[in-house]
Amino acid sequence: MTNGNQVKSLTGKKHNFGMVIDVDRCTGCGACMIACAVENNVPPGPVDATDRTGITLMRVYKADNGMDFPDNESVFFPVSCQQCEHHPPCVSVCPQNAVEVDPATGIVGQIPVRCLGCRYCMAACPYHARYFNWWDPVWPEGMERSLNPDVSLRMRGVVEKCNFCFHRLQAAREKAAAEGRDEIKEGEYIPACVESCPTSAMTFGDLLDEGSEVYRLAQSNGSFRILERLGTGPKIYYFSEREWVRNIAEKDPASALKRGATTD
Amino acid sequence: MANGISRRDWMKLVGGSAIGFMLTPIPWKILDESAKWTQSPSFPYGRQREIQIHSNERISFSHTTCTLCPMACGVRVRCASERGRGSLEAVGITGTKGHPISDGSLCALGVAAIFLRYHPSRLHRPVKIIGHGKFVPVSLDEAISDIARAISRSSCESVAVLDNQPDRAISHIYRKFVGELKNGFYINPPTCDGVPTRLTDQTLHTGDLAFGYDVNDARMIVSFGTPILDGWGTQRQFASISEARRCGGDKKLKLIQVETAHSRTAQIADEWIPVRPGTESAFALGMANVMVRERLCNIDRLRMYSADFDNAAGDSFMKLIEKYPPAYVSEKTGIPADKLVEVTREVARRKPAIVMFGGNPGSGPFRLDEQLAFMGLNILLGSIGTKGGLKPRGKLPSPYYGLHGSDDSNHLASMKQLSDIPDGSIGVLIMDGADSGCAIPWETVERKLSPAGHTIVSLAPYLAGNAVHADYILPSPAYLETADDVPTPSSATVASYSVVSPIFSAPKFSVRPNGFINSLAEALNIRRSSRSDFSGMEYILKKRVEKLHSMAKGNVFNAETGRSERLSGLSLPQFLERLKKGGCWIDDGPAELPPIRYSFLGGTHLPRNNVPVQGEGNNGPRELVLLPLGTRGVLTAAQSNPIMSKLYQESGLRMSANTVSVNPSTGRAAGLKDGGKARVRTENGTAYVMVRFDKSVMPGIIQASVVPLTKSPDRAEPKIEDSVIDICKIDSDSTWRITNAMIEPA
Amino acid sequence: MLPWVYGFTWQTGNIIFLSIFYSVVAVILGSFSIAAIRAFRDLKPDRLDEIRWHFDFESLPEFAKVCRHAFTGEVNQRVCRNGFDCRTCKVHSKITGVPRITKSVYSEGEIPFGLKISANCLYHRGHTWVRVESDGTLTLGLDKLAEGLVWSQCEADLPAVGTRLHVNGTGWYFRKEASRARVLSPVDGEVIAVGGRKEGFYLKVNPGNDSDLRHLLKGLEVGPWMTSEVERLEMALGASDGAVSLADGGVLLDNIAANYPEQGWEDILALMLLES
Amino acid sequence: MDRNRNNGTKDIRLVARGVNRMPFGKFLYLLVPWLIILAIGMYAIFLCLAKGLNQTNMDNRFAFGVWIFLDLSIIALGAGAFFTGFLVYILKREELRAVLNSAVVIGFICYSGAILVLMVDVGQPLRAWFTFWHPNIHSMLTEVTFCITCYLVVLSVEYAPIVLRNKKLKEVPAFLAMQYELHRIMPVLAGVGTFLSFFHQGSLGGLFGVLQGHPFAFREGLAIWPTTFFLFIISAAAAGPSFILLTTWIASRVSRKRLVSDNVFALLARISGSLLVVYVMLKSIDTLTWLNRTVPSLGLSGIGFFLWAPFNIWILFAEIIVFGLVPSLFLLFGSGRLRTGWLVASSVMVCCGIVLNRFVMTIQTLSLPTMSFDRFMIYTPSWQEIAAFLFVVAYGVIIYSLSFRYLRLFPQEIEMKVN
């Protein structure tokens, strides 16, 4: 995870990177989660790690229509950092400016080397998309030789999260610069999760570019965002043709209880 | 001090300059710099200081083909060369863009496979297992002479090779080797992906012509327990299903999942038909009943092309399905009769429709008699050989003989199924290290072993899966180190061929399977002709590619350019080069379908008048049905890759090992608690599991996840506990779909 | 944090926040430094005595700080707030200006608990008496109560001749082994002679020109004061579970200190000598 | 009776004059359990520092656990220090001098304990200074960090003269002079302390009030602060005196002495009670506004937050009525009439109410799901967390006991013997 401020856009052209995830296509295979962990040098979970202490910068959640057998229908929501663009809750709470929004790209970057691990940002994030390094990063013997050289490791005791594979943007910019181009081309920079999705459920691009696929999808009828009502302006859009799926995004979590289900 | 400077003046000077210095940015800048220094990751503690990441200065890309399952996905490996050391290291894996089979996508296993070379359970020398998880190193020569001795000793028993990925070059070597032995068997375990050739042979009389599912053109898929949205088939088929489900209008694909378990596919299918355990075939026959009764199929044509569709002899298909009127099927399956009728009508209307019946990798394939019912449905739907149905694919040449056979083919052992082997007959079993993608409960293999004593050799690189039951493990080269080839995936309708060239040289300790077979043949003094040399994978592969080249049809994908060319336009060296660099040959289209006659009740097989319905009847008071569920690569090292903890352990995406889901009502009736521990007992043993309450699971079902234990900190697995799959009841035909079980709090 | 540190911006909020922070730090450090500098300057014997008395007086319980005029009934229940220095007390000057109405139960010279009060002596609340000699010098000594309390076999650090004494400053010390008791000086002035054990520990002091002895107790005040002091002593002894008790209304034991372990006794003595 | 009670103790030279303390042996004997807890707590803290926070049961969801709850609670309870100082030095309520020293010690214990736990709670304690070096002034936590650190310095400076007045220490002239001079600047420090306390008590409330991602905690703002900012200030100011009352009573019961006059108790009760009445009123208004305005504007129903067992509606009822309104009325109207026991019981309820409020803000906030496919989660602290928690309690008890024994926490103690 590299400091979000070091490679600036060559021409200073403003981007606003975002993603649209077609949840009707997502099969919950988890390739994005693995690709993310491999790309970002996230260590395998220690023996004691659980779904509550593990680090999955991208996590696929299962949601359902709340019905019992046999009417139950499910949908999978890949949830990473939602890259909020309007007052990201995590940015203003960080006491030492370890979370910064890159104005050139709109990417909310975490600077783990400045993080002291107070975890206030984690409490602030409504998407639970921030993860704490509860353990030292450890790989089985030899496995660290296969780590991604573009991404530095995070130490124990700091928070990390998805940064849209910012190092890939840097690499793309470097490549563009080497080829004498001012700007990267569309599709030249995509995060690992998008790249790995076997059903192409994820579309990534510049939300400011009205010609881009991601813009078209984000503006389309079936697109929605999770917890849009909180006003944080997440830049990860979801897409579904099914109404009940779209309703999940804003559904009151307690609505299941009102129907008489038990907690947990 | 008359005119000198007093001490007081000195102090003033020093103090003043100190204050002045403080007012300059210098001290603060120093502080800030030290602040930045402490922010470097190596400060102040942690083991990450020891972790050296490769430099990203020299990055290169290599293309190859994934060998983790038979699906032949194209893989692009990002390599970094370490400065000073000069050694290459894989630092990233993605799919090969434009690849005719995978088109740039990989499954979770494939992405995680970058770490497989450093899998904690990888063996670093040939070992001899002396007890559960305990082993001693053994030299290769010693092992070979032991094995050779065992082979020569077993005169009454047979020598068998269990090959999970048939039709590879090495498979032909195995067959050749086994064919040289007087009592050799070459065995393929059950798989869940394709249409079993045995089934098509019996129902369509097409011999060894293999069929695949043409899902690209289907508009309706009725899947009987096949995990088609959870790791089934090739990535291209998978993506095509996803794409077709998405698109609107006429082309929109509807997916109906008929399955007891609330599997991943059942969760996201367009419709889930939760039949009672073991009644999938009854449902299929019910559908057939409706189709015939409502004339939704061309009955006259069927009568014409089939001897046993409707005849006076009494064992005709018509007779069989007469016993399955909707009311009866409804009673058996728990699905309302009108639902059955409605579904059948929709399936018949919405053509092309296809009925898939591979089975789940955790619970294995269906029994042959059940498969007959599904196949019958396909025939009724007219899906045989048509667009969007079951299509035959072309064959690949063997390295030893051409497509149309030669003398040498006689020396190859015939391909047998596990169920074909008599129980207690195998004296020496050689297990190849590749994976079929489907679980093989050890008991299915174990019951074939000679009770008088047996020797098991595993060629797996890892102490994982069924290799733990071996006596000798001769670790073969691991992923990205192995030289191999990948034939057509069994679910595909078009033949394809890829070569796997090693990107990294295999470590010295590793045992190449062909080398092992060669040494073994030498030790056994098996006569070798020039063409039956087992050594030199390079040579064998070249032979095969040569034969393929001579067919002069199809396209060749060039992984480096991402484009395809006609094979006819390529010279042999060019073709070989393309294949070696992650390319792929793909046939022009499905094979020609010979004129066929249908045999609904399975040719030589005794027709069954009544498909028995399992999982009902003599259930005890608290007797439930255990349904093992898994995904591709269950119980293999690829699934127990440490990074897979992201899916199994660190998120709720997939249930971790030995976790069972039960309906809350079932769970409470058994006195269980959500999140609590429980004991599952079957006639085969007891497994300790974690219980999850899931209101979407059918009451009366124990839906168990079959996953390798995520990882053990030691290289050796500790005491191997019974996992759910170990306690499943194995039928005589080596299937294990349904097991009656009891569950109680532990 | 500072303009040249990474992350600093010239935003209004930032400037306000940091200004407030720096002000707070400045106030804390500033006031602490002032205290430290003042404390450094205070390290002179006279000033220390002043501080010590200030502290000792502040620590006295309310009932030990009863105003002398409350003893005589001139005022009701008044507690001294002026460090027993009536010379600068407005209340004192006001009260002494009007005729006395006394309600003391003791007449002059009477002896509660058998303690002798000398009529021609002025008493300081630190249990010393002052006798104005005919030559204008002052003689100071311990009163009977204190005499009874001081250790029998003790030494005294009497001030050297020429030492200047200050009211409520250190008069002299009694010392026995590790224990020590300070006698407050009742008057200002220069020591011109000292008397040792045989003479009964006294100092002769030349008060200088403007000798102001208004703060010393005299006449009808002494009896009630002494009575209250005896009560205080009784309480102090009682607090330590009365190794020695005073016979009710009887005679104060001679040398009760002898019957009391030294360590604990130091505290009782110090309390009676107004040391906290 | 042991006739030489004070004399048997070896530390007699350190004990203030005119008061009596239990024999040293007995004192030590009573401290032993606390010392054991302290040792266990130290081991737990060592584990957390050496092995990392995986020793706790906190997780990515419960990023804040029992420690933050503890911090919030003890900082609220320690508010008595600033509030008493404010009343004595700024509002000149001299009666409260009787408990001022004790309040300062309590404040010092609470704040130093809170900072100590905070240092264990962060993942990289060695980087704690980054907050000062790269402060993000928009963060409530920055405000809290700055204010708490400054206020701990203030409290240390306030505590210093109390220590320096120890019988033995004051014999050193420099100490004597220092305590005197420190005492003189005390009004300034009390003022600064009040200022800092207002801000950090408020910011601690703001910490949760600003969480727009957690509608359960989120409150709309007055000026730049959410309403919790102000509620926390008032509730802390109300709880502080109650806690002083409580600790004074406990100290007096344990030492079997009267330490302050009854009217001090009554005054503390009256102050606490009246502030609490105001707090309960404002809290009720705030809760109603939140339920009827804030939450509906986010598309949720307020009652939905109280459907998750075990945190049902009772918790709101308990917080506002049982532990809020009831004790506030007792304290306010009973201060002159009721016996001390009643006041103490009410104070306990007040403290419980404040602690419950902090619990709701920290633990309940995090346990509630935000997304509809979230789970409701419960968290059980690990033994290391409990031990570190108890470490602070033991540390407080020990510091307070030592202070009580060797320093003059209650100037009225000698006088109280007379009555």
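We call the chains A, B, C and D, going by the order they appear; numbering starts again at 1 in every chain.
In the analysis below, contacts are C-beta pairs under 8 Å (C-beta built on N, C-alpha and C of every residue); 3 or more make two chains touch, one makes a residue touch a chain.
From a predicted model like this one, the values you see are computed outputs, not experimental measurements.
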By CA centroids, point me to the most central chain in this structure. A
Please compute the C-alpha centroid of subunit B, do the same for subunit D, then give the distance between them in whole Å. 60
Separation of mean Cα positions, subunit C and subunit A [Å, integer]: 75
Distance between chain centroids, defined by C-alpha means - subunit B, subunit C (Å): 96
Using mean CA coordinates as chain centres, what's the gap between subunit A and subunit D in Å? 39
Listed in rising order, subunit A residues that touch 2 or more other chains are 50, 53-54, 61-62, 64, 97, 114, 136, 155-156, 264
On subunit B, where are the residues touching two or more other chains? 32, 35, 39
Can you list every residue of subunit D that touches 2 or more other chains, as numbers and ranges? 127, 130, 133-135, 138
Kindly provide every pair of chains that touch. A-B, A-D, B-C, B-D, C-D
So, in the complex, the side of subunit B touching subunit A is made of residues 39-41, 45-48, 51-56, 59, 80, 89-95, 104-108, 110-112, 114-115, 117-120, 229-231, 235, 238-239, 242-243, 245-246, 262, 264, 267-268, 272, 274, 642-647, 649-654, 663, 674, 695-699, 710-711, 713
In their shared complex, at which residues does subunit B touch subunit C? 25, 28-29, 32, 35-36
Subunit D to subunit C touching residues, read off their complex: 1-7, 12-13, 16-20, 132-135, 137-138, 143, 146, 150, 153-154, 157, 165, 170, 173-174, 176-182, 184-185, 188-189, 192, 195-196, 408, 411-412, 414-415, 417-418
Residues of subunit D defined as touching subunit B within the complex: 126-127, 129-130, 133-134
Flag every residue of subunit C that touches subunit D in the complex, lowest number first. 1, 5-7, 11, 13-14, 17-18, 21, 24-25, 27-28, 31-32, 34-36, 38-40, 42-43, 47-48, 51-52, 54-55, 59, 61-63, 235-236, 239-243, 261, 263-264, 267, 270-271, 275-276
